[in-house]
Amino acid sequence: MTNEPRDRKKVIATTEELLAYSLALEEEAVERFNELADQMEVHNNHEVADLFYKLAEIEGKHVENVNRAAEGKQLPDLLAWEFDWVDEGYSPEGGALEDAHYLMQPWHAIELAKHGEQRAVAFFRHVASSATDAGVKKLAEELVAEEEEHVALLEQWQERFPRPEEDWDDDLDPPTILE
Amino acid sequence: MSRQSLSIALSGSGGSGVMTTGSMLLEAAGKAGWYGIMTRSAGPQIRGGEAAALIRVSDQPLESHDDSFDLVLAIDPASLGRFMGEIPLREDSVIICDMAGGRRDASLPETLAREIDLPMKKMAKAVKGGRPNMIALGVLARVIGLPEGSIGGILEKVLRAKGADALEASQACVKEGYAAGAELPAFSGPPITDVPDGERWSITGNEAAGLGAVRGGVRFVAAYPITPATEVLEWLAGSLPKLGGVLVQAEDELASINQIIGASFGGKPSLTATSGPGLALMTESIGLAVCSEVPVVVLDVMRCGPSTGIATKNEQSDLNIALNGLHGDAPHLVLAPTSLSDCIFTTQWAVHLAEAMQTAAIVLSDQSLGQTRAIVDKPADIAFIAKRNVPEVVGETYRRYAIGDSPVSPMTIPGQPGGQYTADGLEHTEAGAPSSLYDDHLAQLDKRSNKITNFNFGEHWADIDGTGDTMVITWGSACGPVREALSRLRAQGTEVRMLAIRLLAPERPEDMRAALEGVKRVLLVEQSHSKQFYRYLRAAYDLPAEVKLFHRPGPLAFKPGEIIEQLSDWCGSEKL
Amino acid sequence: MSRQSLSIALSGSGGSGVMTTGSMLLEAAGKAGWYGIMTRSAGPQIRGGEAAALIRVSDQPLESHDDSFDLVLAIDPASLGRFMGEIPLREDSVIICDMAGGRRDASLPETLAREIDLPMKKMAKAVKGGRPNMIALGVLARVIGLPEGSIGGILEKVLRAKGADALEASQACVKEGYAAGAELPAFSGPPITDVPDGERWSITGNEAAGLGAVRGGVRFVAAYPITPATEVLEWLAGSLPKLGGVLVQAEDELASINQIIGASFGGKPSLTATSGPGLALMTESIGLAVCSEVPVVVLDVMRCGPSTGIATKNEQSDLNIALNGLHGDAPHLVLAPTSLSDCIFTTQWAVHLAEAMQTAAIVLSDQSLGQTRAIVDKPADIAFIAKRNVPEVVGETYRRYAIGDSPVSPMTIPGQPGGQYTADGLEHTEAGAPSSLYDDHLAQLDKRSNKITNFNFGEHWADIDGTGDTMVITWGSACGPVREALSRLRAQGTEVRMLAIRLLAPERPEDMRAALEGVKRVLLVEQSHSKQFYRYLRAAYDLPAEVKLFHRPGPLAFKPGEIIEQLSDWCGSEKL
Amino acid sequence: MNDTSACSRLGPKEYKSGVKPVWCPGCGDFTVLGSLTKALSGLNIAPENAAVISGIGCSSRMPTYLSTYGFHGVHGRALALATGLKVARPDLTVIATGGDGDGFSIGGNHFLHTCRRNPDMTYIVMDNQVYGMTKGQASPTTEPNWEKGKLTPSGTGINPFQPLVIALASGANFIARCSSSDQNGTAKVIMEAIRHPGFSLVQVLSPCVTFRPEQREWKKLVQPAPVEATSDPAQAARRLLTDEGLYTGVLFKGHRPPYQPTLESTIDQVTELDEEFQL
Amino acid sequence: MNDTSACSRLGPKEYKSGVKPVWCPGCGDFTVLGSLTKALSGLNIAPENAAVISGIGCSSRMPTYLSTYGFHGVHGRALALATGLKVARPDLTVIATGGDGDGFSIGGNHFLHTCRRNPDMTYIVMDNQVYGMTKGQASPTTEPNWEKGKLTPSGTGINPFQPLVIALASGANFIARCSSSDQNGTAKVIMEAIRHPGFSLVQVLSPCVTFRPEQREWKKLVQPAPVEATSDPAQAARRLLTDEGLYTGVLFKGHRPPYQPTLESTIDQVTELDEEFQL
């Protein structure tokens, strides 16, 4: 949302920088899934809430992994908007909030998570292909592989749930009015 | 009049559709010849929150919930906790609930009631596109004794838009539920009678107020949305254009009230509807209507205050501001419906009175009256309509604020030649020219006050009922439970009088004296923390020496049994 | 305490400068050691209209005009007619008037008084740059017995800016007039005493209220101009910056009240001043201050209502709206000064109370108190200042709306680490989170009500005076004439008690019971058409069986003699 | 009152009520009263078919001085009251009058929304950049460094409100500026404004000789805008943002259709509404 | 609460109060909450030194969800309350938040006058072109032909309110449009807005998924404005009048000095004021 064009021009130059990206990505994913879980809980969609909490937990492990990889390194302190993600202004999980729905089903939740992971794959792939630093390239490729694995896991998980019917978001009741 | 009734609470959450289910059940009950009421309660979420439909059906007209509920159906157990304060249960009450696995769900609140597990989700899953709430509908219809056919037409009406598949799925679920209901304990519902088509109405108090307004002649409405008045406006927005009228959604309440003053100045009976915060914004200009003698009606559907308070819950705490919230000496009318269907009459009468006296009328409805849906007898169509004193021909020297034989002076309407004048919120002479003299001020204050205190209001100022030397005085939505309490007492042979005040201002000292003739003890019932009704009565009337006050703030509704308990000192021991 | 006083009316029109003349005369009287009051009356024109300065001087402090005037000086005869209702004359009163030719001017109203022709215009013409009002000043100074020198300094002060020529011309005129006065009947003014410099003040009630506000600690004011409150604001606009405070001229009253709520939330004691129409616009947000427990003070300088009414004239008809004009159950403080100089104390006390109880206080001053200028004894500097319960350190779990030992919970101020909370006009939990539950609602309603009803107000709730079994109960600007009436009766040996209520809300039932001990008869005095004070007292207190009401709308002020007349049935015949 | 049945034109005088204004001699509002009566006469509107609505302020006293129907309402609400009247009675010629304080300070919200809503009526604002009636406080149009306002003794220090720019931005359909020093020119513009469909704003620079005596100089400073009225909002905006507030004439004429719900009934009887409640 | 004395930056999460929002899942306001916490974190403002002020509406629930000081006031009055706070406490970072109904309908007058007055604070409006909280009525920014508003079943038929144009015309010092679909971009703009002296308006297109589900498409329609922010009002006006309301970014940055009276006393004691009354 800046006035600059959306295409990603910046090349990630150091592994520290890439780790900072990776950390931000995972941390934001944790935050996002927790937020979504809270939303579902508030809206009495407990099944999906539990699923999101679970996803948050998993992402939390990824944060730990990155932290471990970053041990002893001095990562740059970038603010949210100083990250230069691929094609859009937010991190791969950034858009998920908009896709929430109070009647969403586990299938949707995983779809949403999968979408994020796929975007992460795309991002790291881009980093790998544009990298000039060999270390960065290598790390990015590892990350691609890791995220691809996540996508695959999610796909398996999703199969356990039926695909929602077309009118899954139907609610005959009117919205509650407040103030 | 002994009443056989059944009270049912239906709760759910996360978009489980309990409101729709409840409405359908109520309508089915109505079709079957029963009377009924349904109120809603909901959590703070706009979508997907906990929701409960509280339903009561009977062979007699109803105006109140019962002391306790016979049957609760919880589509999911967790939804119930929030509402337990509003759903008192007995030992012989029954909770039907989906325990999802047979074991008692920990989230189900502890109660005395008997719990029955019914796997509604599973049953619904068995039907393609099926939903647990439709299972519930079938179950409920069966256990309260509605004929299976009573649901069909309603399903069709509600689900037509959703397509044939959805309809079929629902029908199948209802059938499933109905069958399952046969296994459950049955309740002996009120006797089913035959009612001729169309003799019963299904209506909310908010719709009733809208209907009263247009029956009274209102053709211009300007308003700003606010809970719980919005449904009045929604109904009027749809209905006014049919009658050549219009509703304008204004930018705020200051605009609403001034727009209706302008339209009424132009000759169109006009109304606005709002709730406490909006009423507060309007008081300056309600004073303008009073001073310039332009008739307007302001409907306040009360909610819990102060400030934003609790917007979706009932309270009777705008009495103070309605009676005394205008600056200066600004006599005006304040009315309150004494029942849900009386919202028609009282609003209509208010329009009539405002027009007849060329002043402002505030009608105090409340969230409970306004948002309850009831099956009622078709209301009478009464004769009160707006009739303003407009001179046929205008003489040489028309004086808008003339003090003649009647304090209501003829009012010309723009377009009438020779009738031009300037309506004014400044103090003025009879001709309408600004004046700061004591004599003019006194004369106009007298005029504006006399016209409303001298008016012949007839018998409508209050609903008076019963005999005996004990009386309950109350108003608004508190009337319903009081009325039921007294009818229960009557059934036991105890007579208690009831006075439900419809016209709160101006005061009617003589009528009150007559009503209190022979009364030794008075119980006042009101839903306000600061005893607003009590203070009002003290200021306005001479009450008997023995006065007892039963008051509490919203949102907990009064129950008939509580009223009886309050009277027990007097009626229990002495058996009056 | 017998009072010797002289009442003088000075009228003119078309820019004749009577107000300036009147002020100078009052100041001269003050310098000479007299007490005095001056009120103004004017036609509807902004410039050049009829105007009258009504002055009374005495050797005793004054709070009221007398029953009649001793002396009228009309710079032109026509100006007088408009004010005759306010200037009752006796047979031995004197009218000094410029008949411009010696024949009685037809425009001079018929009165009992003796008329004296004085060619002031001609006399002024004889002086280069001379003006009739300065002639009048000299005349008046002479006939009421002021030393010639008493005017000099004042002339200089007022006319300095106009240049030496203007000053000289005025001096010459005053001299002329003083000399001419020697030929006129002299009045025996009050004895001239020596007063130490600076021990007397010249102040209006509006300035006094402003002073009380800043003494109480107010440092933020937002307001929208409105007559007759504007002078409070003018004074504050000049004074606040000296104290590191500020006055913001807001876009309307909705902004004013919300700005002060914001500033007070930020920790600054805050106030707004307005009159009836503005107060009406503020009530919604006063409710917000009540619900969110943010202290604010709203000063209402009352004028004639309803609606725009008569903006420049006195009435006590905003009592209803001040007490009961908020929607919902919204307990708050309502106070009224009992005299002009009490505007300092009452406003200051209101700031203190609002801050101590974290609630809204409405102070009802009025046009008469506010716009009268008086020479008074230097007011005491009292100790009440804003002291809010702000926690020194904030614990782990700060709950803004905690219900602890005291219903006034500690209030953090933005900037305090760990004290963050969200102030809310929605009903809330102790922590400030929105809640729609009955229990939270009741608890917070109790809290907000208890904190003001349980507060120890001490003796300031009312001014209580005198003995006997007859009592006059009154308030605001009506206190002045009542006090004088009772002191006159006392001088005749008749004792009547007086109760001037300063704290109108919350009610003080025990204090009232004590005050009424031994009282058999009560006369209520109020300036309202609809008996607002009477109704308030009926609702709030148990009055003795015999209650008499003396009320009328504005703008005619009560006179001491009228009060005595009202009491004559009781005191005249029975000589209590 | 006047016999208005004749087809001959009523003279401007006949639009006066005969109540004598209490304005200060020299006040611009006298001239505006004259302009308005001339415009009404020029349009030959029967006095009973016009209604003049105002709030509170010196300028808001206008209705009392006219022989039309009038409403002297409360401070700041003239446009809301006038909107209600016009929507309910589209047959009437509705004119709102008032001052800069009434219209742009306390009444600012209605100003915005009336421009937006665009009812077919005319709003004449006598702008004297001061609150005349309450003793000369700064108004929204007062320049930031005017130090005579007793509530703003060091000047307001804030940006003056630009009524014409705001009107344009919120959708007024006709925007003009006049000077009370030109009674006939103002009359003509008011007439055009009344004729133009939709909401018309006429700002009249009308000196307050009592609290802003320096405004007597205005008549020397105003000048007719050097260009014709435009109907392009962007062009109008550019002009208005750069003019010094002293160009007079019609500055913008838009073509948005006025807000006017049709008031035609589709059913005969109120009882036909009962159906929807029948079980 | 948080220990804010450390010089290390607080993370965005620490600006959340922990109260779980009651907004509908998918509502744009969730994202805005995130943007605001990121901006506060980016500026490293201690939570106790910020105050977030709102009126009533879904979007106005914001303060409850933040760990800063907050005020959830009454409908339409957020800016007035915030102004009082900022003027009295210039040391605080004051942010007002709310919706299009709260800010532009009932609150329109304060919007106008706050832009004019230009206090140093930031106003974030979550514009969903609807009254979410009260059941989906048309708001001032609703398009005229939207027929789902139950009080305007045939559409409002009136000109939408153009908040940015009005802000510019009344003197706001910083004007930006964002989309809730871009949390980080919005965060950056909010941070810039807070930093920029004077009154900053940030309009965030924030879908109401319940009453305006079609707004889920907004994220595909918005695009960054193709030009840099200007500081020339006339240029900004031309751009704003012609854009379709879907360009995002900082659109105007002015240089007017903020309104802030100095709060320095010139006397020591209140009693020094007594002098003027002494005879």
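We just call them A, B, C, D and E in the order they show up, numbering each chain from 1.
Just so we're on the same page, contacts are C-beta pairs under 8 Å (C-beta built on N, C-alpha and C of every residue); 3 or more make two chains touch, one makes a residue touch a chain.
Given the structure is predicted, the values throughout are model-derived calculations rather than measurements.
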Chains in simultaneous contact with chain A and chain B: E
Copies chain E and chain D - interface residue numbers shared by over half, same or different: same
Distance-maximising chain from chain E - centres being C-alpha averages: C
B-E or A-E, whichever has more C-beta pairs in contact: A-E
Chain B-chain E separation of Cα centroids, rounded to whole Å: 38
Inter-chain centre distance, chain A versus chain E - centres from mean C-alpha coordinates, in Å: 28
Computed distance of Cα centres, chain E from chain D, in Å: 32
Chain C-chain E separation of Cα centroids, rounded to whole Å: 42
Overlap residues in chain A, where contacts from two or more other chains coincide: 42-43, 102, 174-175, 177-179
Residue numbers of chain B (touch at least two other chains): 44-49, 226-227, 230, 251-252, 254, 277, 284, 287-288, 292, 307-308, 312, 424-426, 434
Contacts with two or more other chains, residues of chain E listed in rising order: 22-25, 56, 58, 72, 74-76, 105-106, 108-109, 112-113, 133-135, 140, 210
Contact pairs between chains, per stated definition: A-B, A-E, B-C, B-D, B-E, C-D, C-E, D-E
Complex interface listing, chain E residues touching chain C: 1, 3-5, 17, 19, 46-49, 51, 53, 56, 61, 63-64, 66-74, 76-77, 80-89, 91-92, 109-110, 112-113, 261-267, 270-274, 277-279
Complex contacts: residues of chain E adjacent to chain A: 9, 12-13, 20-26, 28, 30-31, 34, 38, 41-42, 56-58, 75, 133-136, 178-189, 191, 207, 209-211, 216, 219, 224-229, 248-250
Contacting residues of chain C [partner chain E, same complex]: 27, 30-31, 197-198, 200-203, 207, 211, 214-215, 219-220, 222, 239, 241-246, 248, 250-252, 254-256, 258-268, 270, 284-285, 287-288, 292, 375, 378, 381, 394, 398, 414-426, 432-434
Residues of chain B defined as touching chain A within the complex: 13-15, 17-20, 42-51, 76, 78-79, 129, 133, 158, 162, 166, 226-228, 230, 308, 311-312
Sites on chain C touched by chain D in the complex: 43-49, 223-227, 230, 233-234, 237-238, 247, 249, 251-253, 277, 307-308
